[in-house]
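Listed next: structures, encoded as structure tokens.
The two complexes that follow have subunit A in common; it is paired with subunit B in the first and with subunit C in the second.
So, the complex of A and B:
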């Protein structure tokens, strides 16, 4: 459920979304990516209204996402998974597509697993593949749904670095994550949601402080 | 020698079943649709070739090439008009829709072509009657070899299409998870339409072979569907090479059964199908039931 959510995302801006389970964070991502149609309201992209466009269309325009529970194409190799993203959503052909895939696999540390069937990957590797497949689309907007959970400190640092470099290349990043200290290393704005509404929004420090106040008043809900 | 003969005949017959089953396998694999009109689509293909042969006098093989664009277009239309709408409303609706389509095709063929039994065997020329005499007791029919070679080429080409081309990757991705495929930019409507067009085209090839190697009439479809369905199930649903092997196994079972007694032909095929069903899908449940 979403209720009167209004959110804008600038080029090269990274925004984090926090909030308790059931706050509507993933629903928001579904509406933005086109997996769900809103009952009312609009989704705009670069001055265009894309509310009526399907998910495939929006992906080709440059909106890519990852799933909280990874959904790789398990019967295909890691490379083929990424290649599908590059050729379908990214509209790359031939050698260009292959080069792009190799870059993305390198960026997500999947090169050594490129020929493995996605079926044989563990959860964390599947999360990396989820990110790789989204990156292969060469998105201008990247919607990340809890890709940081369960990582070691070193992996977390690498993930933060990867997302920060994407942001610095001008990609707009909207990142849902429970691990707030991880988010605030990358995002310049933090949005706190509860029960389908945005209850706090602004610079990370201010929102974290405000969220603590809200928690104190309403009792620890997260 | 006669057993060797029966095995050879079984392989040739099986290759024919594999071609018939190929489209059914594609549609199930990509869309999880069991197309109950598949046999009728094959027979429709045979009639389209028949009309072209009657009108122009060309060889059925050339006529098939002419008919191919028509069948591909029909496949697209079938998906866009009937299947796409029914796919949205659960798994039972496509089954009912294709069952209805089966009846419609049969009756349209009856009205248009009368219930007469037809064959394109004579029009195909020497290929239907010629054979290679290997030894005195063993001869290999040219048509059988042609069908086997074409079957292997069709399955090989499909394998290459699925593993090497962009459209093939997109088809495999959609087959696995159409929602996730949408989110990496794959238009599943387009993929489904292409898969149906492909399935209808290969079904028409099956129809061509049916028309050349034996006879057909407007209600031949359901029998072809049963053999095609058995081949798909024996080979494992959704597996392409499995379908080729399933077709061969069904053909072998039928000719070896006929070798024992001509009346056993269809029966042994059905028995193999049942045995595979019980072993693969029912056996586990039976043993679990008795263990408790």
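So, the complex of A and C:
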């Protein structure tokens, strides 16, 4: 459930979203990616209204997402999973698509698993595959839904580096994550949601410091 | 690191498949007409299995109404032949009509989801069956003979029908093969595995499903044409029978849903069962049902799916393999 949410994302900007479970974070992401149609309000992309466009359309325009609970194509290999993003969403063909996929697999440390059936992957590998498929679209907007959970320190550092490099290449990143210290290494703006509304927004330090956030989110966890 | 599509095994096997197709073309020159008729039946089963697999195995479309197109193909042949068109040309026209009709039907049927779609297709098949029963010119409920085929001597007729069956089978299986090998191939498999996730990666799910639906419409229409030509007599009760869907489901589930090779294997198995247990009767159907149930429980991937998984074997190269990867195997 979303209520009067207004959010904009600039080129090369990384924005983090935090909030308790049920705050509407994933719902917001579903509305942005086209998986859910809003009852009212609009979604705009590069000056045009894309509210009526379906998820496939929006992906081809350059809005890619990951899923909080990974949804691999279990009957296909890891490479073939990524190839879907490159060919359907990114409209790449042949050798161009293959090279892109191999690069993305390398970037997400999945190269050694390239020929594995996705069904046999563990949860963390599946999360990496979610990211890899979205990257193969070569998106201009990347919507990430909790891809950082359960990682080791080294893996966390690598993920932060990956997302930061995407941001520096001009990709707009919207990242939902429970792990705030991970988010604030990458994002320049933090949005805190609760009960379908944005209750705080601004520079990460300021938002973290806000009492409302502490009540709604940080306080609820300690 | 590079991407490989052909392996030595798949090159050998694809070559062998082509050689078998060429060899099959000589069957009518060598064998008696009853053998030719049986092999025509086998080709029809292969064609039907491949088309149902295209729908269910790649589009996730579980249809129990493909007999609609089988019936349109068979009755279309009678209709065009009745207008004075040469019988074999009538068969080609009837196939085209069945395929063309699948386009408007797709706009109706593809609005339905899952079980609704399955039952919806069955209803569509029944409606078309009823329309045929109302038409006296098509023999109404009692059926009609394809008398125009009597102008050919039985040997020649059987040979022509066989060649047509071989041609149709090669055309439709090749179409599916090249579709799966094309850049659209991974999109179709993605729809099979998770429709919504496919959509989120830019796959135009509705358009791709329509493509498969129309391909299966043409293919099942072609199979119907061949069934009519092979039996020379059709009646709505059997040509529009849901039994065709039961056969298709059996072949695809036992052979391996969503694999290219599996349904062909399933068709050969069903053909063998049908020639071995010629008495038919209720126990035959019980046996078929029990076998399908057994496979669903013990080997959910079917024969070919299990082989492919255990041995990492791919005979027809519709997949991709990244080579010079150390330490991991596909089947690991």
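Assume the second predicted complex is superposed on the first by the 211 of 222 C-alpha atoms of A that agree within 3 Å, B and C clash if a C-alpha of one lies under 4 Å from a C-alpha of the other, contacts with A are read in each partner's own complex, and residues count from 1 in each chain.
Everything that follows uses one rule, which is that contacts are C-beta pairs under 8 Å (C-beta built on N, C-alpha and C of every residue); 3 or more make two chains touch, one makes a residue touch a chain.
None of these values were measured; they are calculated from a predicted model.
After superposition on subunit A, the partners subunit B and subunit C are seen to clash. In the overlay built on the shared chain, the residue A:113 is in contact with subunit C alone; subunit B does not reach it.
Comparing subunit B with subunit C, more residues of subunit A are touched by C. In the superposition on chain A, A:79 contacts subunit C only, with no contact to subunit B.
Residue contacts after overlaying the shared chain place A:59 against subunit B and subunit C alike. Legend: residue contacts after superposition of the two complexes on their common chain; A:89 is shown touching both subunit B and subunit C.
Contacts of A:102 after superposition: subunit C is touched, whereas subunit B is not reached. Contacts of A:10 after superposition on the shared chain: neither subunit B nor subunit C is touched.
Across the two superposed structures, the residue set of subunit A contacted by subunit B and also by subunit C is 33-35, 54-56, 59-60, 64-65, 67, 71, 73-76, 80-81, 83-85, 87-91, 93, 133-134, 137. On subunit C, the positions that touch subunit A within their shared complex are 1-3, 183-184, 186-187, 189-190, 192-194, 196-205, 258, 309, 319-322, 325-330, 332.
Of all residues in subunit A, those touching subunit C in their complex are 33-35, 54-56, 59-60, 64-65, 67, 71-77, 79-81, 83-85, 87-91, 93-94, 97-98, 101-102, 105, 111-117, 120, 133-134, 137. For subunit B in complex with subunit A, the touching residues are 166, 169-170, 172-173, 176-177, 179-188.
On subunit A, the positions that touch subunit B within their shared complex are 33-35, 54-57, 59-60, 64-65, 67, 71, 73-76, 80-81, 83-85, 87-91, 93, 133-134, 136-137.
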